[in-house]
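The structures come next, written out as structure tokens.
You will see two complexes here that share chain A, one where it goes with chain B and one where it goes with chain C.
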Partner chain A sequence: MEIKSHEAGDIIVMELEGRFDAYSAPKANEWLEEVMTNRKPPNVIVNLENVVFVDSTALATLVQAMKRCRQLDGDLRLSNLKQPVRMIFELTRLDRAFEIFNLEEEAVGAFTA
Partner chain B sequence: MDQTVIRLDLPAEHKHLNVIGACLNAILERVDQVTDKEMLAYNLELALHETCTNIVEHAYSEQQGRIRVAMSVICNPQRQLIVDLHDTGSSFNPTEADDPDLDGAQVHGYGLFLMRQLLDEVVYRSSDTSNHWRLVKNI
Partner chain C sequence: MSKAKLSPEARMISTVISGQRSQFRSLADAWQTAGATSLSVWANGARLAAWPKGVIDITPSMSAPIRINGEDVGELVVDGVGNPAAEKALIANAGFISRLARMENELNGMTERLIDTQDQLLAVYGLTEATRNHLELDDLLTQVAKIATELVSCEAAFVLIQQPDGTSKVEHYPEVKLDDELIQSCLTKVADTSEYLLLNLTETEYSRAGLRGLLVHPVVIRDQITAAIGLINKKDAEFEFPDIKLLKVIAEHAGSRMEHLILFQESIEQSKLQVEADLAKRVQLRLLPTKFPEVEGLDLWAGSEPASQVGGDYYAFVDRPDRPFTFCVGDVSGKGMPAALLMAMSRTVMRTKTTVDPTPTPEVILDDCNSELYDDFTEVSMFATVFVGQYHHEERRLMYANAGHSPVVFCPYDGEPVLFEADGTAIGVLPTSLAEDQEVIFRKDDVLVVMTDGFSEASNHDDELFGYDRLLKVVKMLSKKSAKGIFDGLYETIKNFSAGRPQDDDQTMIVIKGV
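After this line comes the complex of A and B, so read on.
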């Protein structure tokens, strides 16, 4: 899995590409830990447009980071989920726990509104 | 019987589990008249992946080993994808694994929950020498 990032004001956008699973999740977790340590508050958007597969370890990684961001008065929001990936969030009802946006721009707008 | 078994023999490590999706897709390509094949393929890959992840993290948590996978599509008369997974690691008690509390975001417990939700049948048996998962999906 590839991780790229860019900034939109005070928000950092994590762009993932490939498979987000038990093999690649430690790399994503390490990246998120660094962001949560260095940014106050940590406002993060995870853009999943190019993620082709998400498993339960990836879900756990995102839940853990979302909870930590909120403890630090920030948030972790999701955008651009492909339909099969969105379905897994709905099945686990995590679509209610996360703020999920169709487009990254909408997620950025919601942070700044 | 209309049965062709495809077998895989994988090292029980996370980095090798992406092979399963490729194999599964190749099998499903030959199956006609499936509604929303892309979603079915994703869901089946996820269910198999979660089973293998469980084997890697529980059966082989303290040892190296292999996962033997056998996949077949049968019509008898219901068309089903049947996947048998064998390992020789520690046994696992699925009845002790609670479903996650869906009213709150959990960090653990979604793997077995997803398997049960995405498949029509999930059976686990353990013997003195090996563990066996049978996964069944009506397709």
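After this line comes the complex of A and C, so read on.
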């Protein structure tokens, strides 16, 4: 899985690509840990547009990061979920735990509003 | 002139003379018969031997060079004769001595090589003997340093190894002569070049550091240079080529000993882990129900298969006379030992809440569990999806609450199968559970299948998931069978679908049928 990022004001956007699973989760976790250590408050958007699959370890990684960001007065929000990935969030009802946006710009807008 | 001061060439001719003394005497006799007053051999301006004995001043009248490999290394000299025939004879004699000296030279070379080989054999033997009974890495490294010090005859030695966990270990013998930082840089250097490192310092250079000579050889362990042996200050001399050859042999042998020891230690670790994992698996299997309760109005069957040795899935039944029959299926995110530990915790909390709470509806059970486990799950970055069901036979009512769990398939005997989707997030995600009680009437021949995603996300050779559509169809197709029949049918169908592919995730299933 590839990780790219860019900034939108005070917000950092993490772009993932490929399968987000038990094998790639540690890499994503390391990236998120670094962001949470260095940015105050950590406002993160994870753009999942190019993610084709997520497993439970990947979900746990996102949940953990979301909790930490909120503890640090920031947040982790999701955007651009493809249908199969969105379905997983709906089935596990993680859509009730995360703020999920159709487009990255909407997520950015919600942070700055 | 004393022997010690002779040049190597002179020494060689001298050896030839002492080995062939009687022949030289016969040669001198022959020359005397031909009129010569004396015969003598010279090298580097010094007289090595003369006949007759006691001749002191020789005024050479004729001489011929003694040559080895095209170089003049000495002279054969006669006194008292001087004609072309005698000169020819003298040149022939000198040529003969040259040949003898060359053969002596070759013999010396062969002897040295033989001694070298013998030394190397002794080194390997010494190292094998000394390291045979050392099963700790520290001991082995010290022994290797000790043997190297003795065999190469130097003041001190060190052995450094880069361990698989990234740390390094250095042992010195008999004392520390170089600091660890310098030793580490020696390893980096020899690892870069795959060659030995040799430093012989001049007096002014070494007077400050006390280091005259340093010879470091790389040690290959599992096809990589991850260790090095270093020798410090050869006694009374500099490190030379034979020392390098000897250290190479020591390094090769020490490398294989270290490799064996590391493999041995790893295999011990492995078997310790294996024993622990076996024990964990036995404990975990004991946590899963082995006998299914007999519940009035229900036929039920269940099973669980972890993907690794221990798993994060669980299912449990609580069947007590004073409470409705309650069952649950849980799936802790992740696999292996951490998931298994949380699985055991969740199961215990779930059972306790179900049996202790006065009116434990599924929603209450999930909410209590979430409050109890939220901090622990947060601590280890995990969560657990849980489905709790409860059957009240008098009203044939099935209550349930679903914390992020899927798939749960309800197949009414007279209708199409549907998914019971979750309304709450998994346990450990949010501080309060959002799952609420739901209920359906569970009639005769209705079927409920609660699985973990290890089944629905099983994939085939084309990376295609088994998926919910197939699941609903297969449940419908099997719904006329008994609970065990439906369980076996689903299990077989999904196993055939993912034929040949290893099981990626734990697989757990409860099947309940109204009777």
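Operating definition for what follows: the second predicted complex is superposed on the first by the 113 of 113 C-alpha atoms of A that agree within 3 Å, B and C clash if a C-alpha of one lies under 4 Å from a C-alpha of the other, contacts with A are read in each partner's own complex, and residues count from 1 in each chain.
By our rule, a contact is a pair of C-beta atoms (placed from the backbone, for glycine too) under 8 Å apart; a residue touches a chain by one contact, two chains touch by 3 or more.
Remember, it's a predicted structure, so these values are computed and weren't measured experimentally.
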First (chain B), second (chain C), both or neither touched by A:57: both
Which superposed partner A:83 touches (first chain B, second chain C, both, neither): first
Per-residue touch tally on chain A - higher for chain B or for chain C: B
Touched partner set for A:22, first chain B, second chain C, both or neither: both
Which of chain B and chain C A:97 touches, first, second, both or neither: both
Set intersection of chain A contacts, chain C complex versus chain B complex: 22, 55-57, 59-60, 63-64, 67, 91-94, 97
For the chain A and chain B complex, residues of the former touching the latter: 19, 21-23, 53, 55-57, 59-60, 63-64, 66-67, 83-84, 87-88, 91-94, 97-98
Residue ranges of chain C in contact with chain A within the complex: 331, 333-335, 378, 381-383, 385, 403-407, 421-426, 428-430, 434, 453, 457, 505
Residue numbers on chain A that touch chain C, as the complex places them: 22, 29, 55-57, 59-61, 63-64, 67, 90-94, 96-97
Chain B residues within the chain A interface of the complex: 14-15, 17-18, 21, 38-39, 42-43, 45-46, 49-50, 53, 56-57, 100, 102-108, 110-111, 113-114, 117-118
